[in-house]
């Protein structure tokens, strides 16, 4: 066949592979009214077309479901029980709903747009029942038996929880509660080699919750203005949370893991609020490296329930005060003696981090307390070295920032480092229950508080003058 | 409906969603003659189809514009004023135009191809006018009012500026000037959650220039052989520049930011030339971690205009001499006393970096000077610890490398570390105007020059023998 | 034209660009029987349509070849000799074949699926001939002349080698040999700006082998259960291996490079087995930062053949014992005196790493030996600082884990850090042939073994009690 014949032939309308689905062209259901029912129908179609996987190389390859840019309401929860399913869109569509909901209606009338966009799922699942978190999920992955469900991928679309609800603090505050019982992606059973990339998740009480993951990748997502952003639950290993923009609500976790080993949390830009930027419970031999964390409260990084042998290095931690008026009434309830970083566990490494706190002394709790930067509350054998801790007292008034100036003010607050005076802090506190720790060059003699007979210490040298 | 009926139905030609555009099938304009006019027409179509965003969840989802592999001339500047627009191709298409333009014509006659490829925009905008840089941009994002324009995405295509122009150094050098007044992507107004990923930008005077960004991601791009590669201007925060290949011209910046807070510059491979690999002006509380920087001149990393509380850790810095004959006549004009890293500002952290300089002593300027590796020129409270500085004097002649051997020679120069002798350098210089800095294990007693009464010092131990 | 007319027009079937190919719609060959022949025909078509690249901006843009989800046998090797070719699928499709092949048939009868999936290439190339590794490659890139072949991209599909073969250890062990002469992607000639992203490679003797690369990106892939995973051979520079999941066989390398300069190995999660997690031979001025490495044997990181000026920082190293019964009979043959990290070369930096070994003392070889963590065997000027080395002796019996409990057991092993007692190790050994090294805060006086007159030393402080 000549190449011109080939070219002619190719200009015929393409026969799209039967393993490629587009929610807007699939003949069952209406994706604009309920994309959940459409995707469930597609999954049933995929499974009905799969022959038995056999020993002679014959697989069940799965499929890709495409969600073009558009608004798609999801009433029926999507249930995924098939491996190798990729659901993808063409736009993460993030915009700040928090700023919008705290903007007066008369200003909104002039706004270009009010909602997130891209390939956008409007989560409208029924109210949460006694089934708990899973019932409120837009996407629910679950499969029993062997092998673990593998290689499900979510990419490049938006899951929008739309509204938060009144939790008792009053209707005016409903959109600031970070509560609505909705979850973006809920993985309830053991899984292998999943990927969640390029997504935009917003105004969900829980963004992504994954149980029992092996080799999970959560990369390059925008998961913010969610009650909790990323949660690894159950027990798992060898996963990566990298290059995300993340920021949870004042009562939730930006990044949470429990009973995992071998996680790599790398190069994320985690912004406020977030009761914690990162919270590990019983996590071991994992890494938190090269991240930038910004928080408005103590307890930015918490290692709880005997976390062991984790590495925290090359991170930038910044804690300052909430500059935005609508949110200044909220915090995570912790005081400044809790520790900006708090470690319960043994043999962890905290090396080469920059840790910064800037706060007007009148906001310190308890009053006149000396804030604790790294608080080792239990365990032994932790190695804390070469951390540079910078604490300054704000002298300017930062509260009552009008909504419209929010962005500029936040940036301005970051930039206004002149006229700051040093703030006295305890850079490292090793509590009496903890021993055989090593603290090097992370504060001088006065700044590090611990039993120097039972722990090893070398203070950061100080200038003679 | 049975699954077989579904399958039958699906084999009909797909109705592509109206929010998915392909520049080659759009009925207005000719994308090969002026893709700019085509995309502007598409944007007008998107906007005309958008209803008013309403309070009842109804959004303006935006659209995706696809650029298949091909050569597309851009005469008319694309103006983007709509959120949630994704422009994507299928190939970054980078190849070195610099090597090609410095190859004799008789050799070029045998070359397989002469130009970059992939989904390639040939930037042919009119000469720059008094409007300045924005006028020369291929893609210009601008929108006034609220909210900030959000979630515009550029992915996986090539923007080729084609030629540099004679800046007075003569027609033979025109293609080596890095000047043509062209910009690949210019964002002129405040923006949120933009993404620029997988792009190839080449032979533009400015690759990407973004003003007033919040949560911007510039990831996995190939931005090289541009006068300046990545510029963050105005004032912004919480952005990420990660996993890029970057290399600017001898007068430009590879990565530049001014008045930003909370940037994360991570895991980039920044190669020469570049007057600077990274230049921060008034930037605070940002991170430069895990990058690999290679430069031919002093001033690889410059913190200017009172940069504060930035973290520079786990980076690899290499400075050697330009080995390629056509470019040996150019440099950035700085001498070896300027500092390979230069810090104007306070409370920055420079920890756990490898810093390498290899240069024949006859090329050191001023003659017989002792090159300065880290130069702290002002401010206070900087913490410089655990940096390993290796300086060696080349003994081999490296100039007059023929073009065709460029790649092998550059690699060979990197690899030929035998027969190198130690070069005496000042590893850290703290100038008199700066005080209360801490310098630990980053050079021995002789290598670190500063007022030891006003700064804290611990020298790297030296062997007894 | 009104916008409604535009919309009407656009709802016609799309004319897909001639530079976009779909293997399932291309009229030559049968992609399910031999996708190799189909892609080779497409490449011939691309080349036949390319006019001569000219000096007047006219390029050869290349093309994109799409592989929808599905099973595609590859009998004929794909030979790529055209720049700007992107081959992409919609699913990396990884699942563990190793667990499956070590599961009894009666259990498999109940499994949901047996094979990897996604856009899956079943590699069925002819047996390896005298031509060596290239002959067994599924994808073979080669082109002579200038310029170097550029911007070939592989994205988001699966290459499955299907089976390993009996290497003499008996038919029952055939699937555990990691041998079959197959390579996923083999690049045999000098190349520039290639990208390999989002791929799944499995059950290949060699995953990706690239010679003479410049600015190569190998990112976000899943390359596991291959004999060797990533190999950079010949001589090259300025490349990046980042954010991958990698795990090789017990005789192979997870990440290997020789004679390269300026590589950045960053944020990879490298799991067992792998004779080495990372092996550099004659590599200089490269970075290994922010990775998580897990291994079952000594020799996790090997710098051989005079590696110079490399930076190893912020990595987490864990070595424990193989917990999975089917693989406990294999190892890499090295004993515990070899070094968990082994350095032959000069002026390298090993800073701020967490290094962990947990092993029952009865498995230490030679018996009763004190394991070596960092072994500097030659060279001079290496800088080893602020590494936290944690060694513990397992007290629980971990062998004979049943297959079905593999995942839970591996995780459990990671998590069971209670009841561990300290294991005596040599944290740093500098052999007599090496001198002028600096060892700081990486072990106390007893744990660091070297000539203290010829090297510089500062021991980690120890508590008084």
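Before moving on, here are some points about what is shown:
We call the chains A, B and C, going by the order they appear; numbering starts again at 1 in every chain.
Here is the rule we use: a residue touches a chain if its C-beta (ideal position, glycine included) is under 8 Å from a C-beta of that chain, and two chains touch if they have at least 3 such contacts.
Here the structure is a predicted model, which means the values were calculated and not measured.
In a homomeric contact, the two copies may use the same or different surfaces; for chain A and chain C, under half of the interface residue numbers are shared, pointing to different surfaces.
Copies chain B and chain C of the same sequence differ in orientation by 120 degrees, per CA superposition (steps of 5). In this assembly, the C-alpha centroid of chain A lies 27 Å from the C-alpha centroid of chain C. Within chain C, residues 13-16, 243, 267, 289-290, 313-314, 351-352, 386 each touch two or more of the remaining chains. Note for the complex: chain A touches chain B at residues 13-16, 18, 21-22, 24-28, 41, 44-45, 48-49, 68-71, 73, 90-96, 99-100, 103, 107-108, 110-120, 122, 162, 200, 220, 222, 224, 243, 245, 267, 269, 271, 289-292, 294, 313-316, 318, 351-354, 356, 386, 388, 390, 404, 407-408, 410-412, 414-415, 417-418, 441, 460-465.
Residue ranges on chain A touching chain C, taken from their complex, read 1, 3, 6-7, 9-11, 13-17, 19-20, 53-55, 57-64, 83-84, 86, 88, 143, 145-151, 153, 190, 192-193, 195, 197, 214-215, 217, 219, 235-240, 242-243, 259-264, 266-267, 282, 284-287, 289-290, 306, 308-311, 313-314, 346-347, 349, 351-352, 381, 383, 385-386, 435-436, 438, 440, 452-458.
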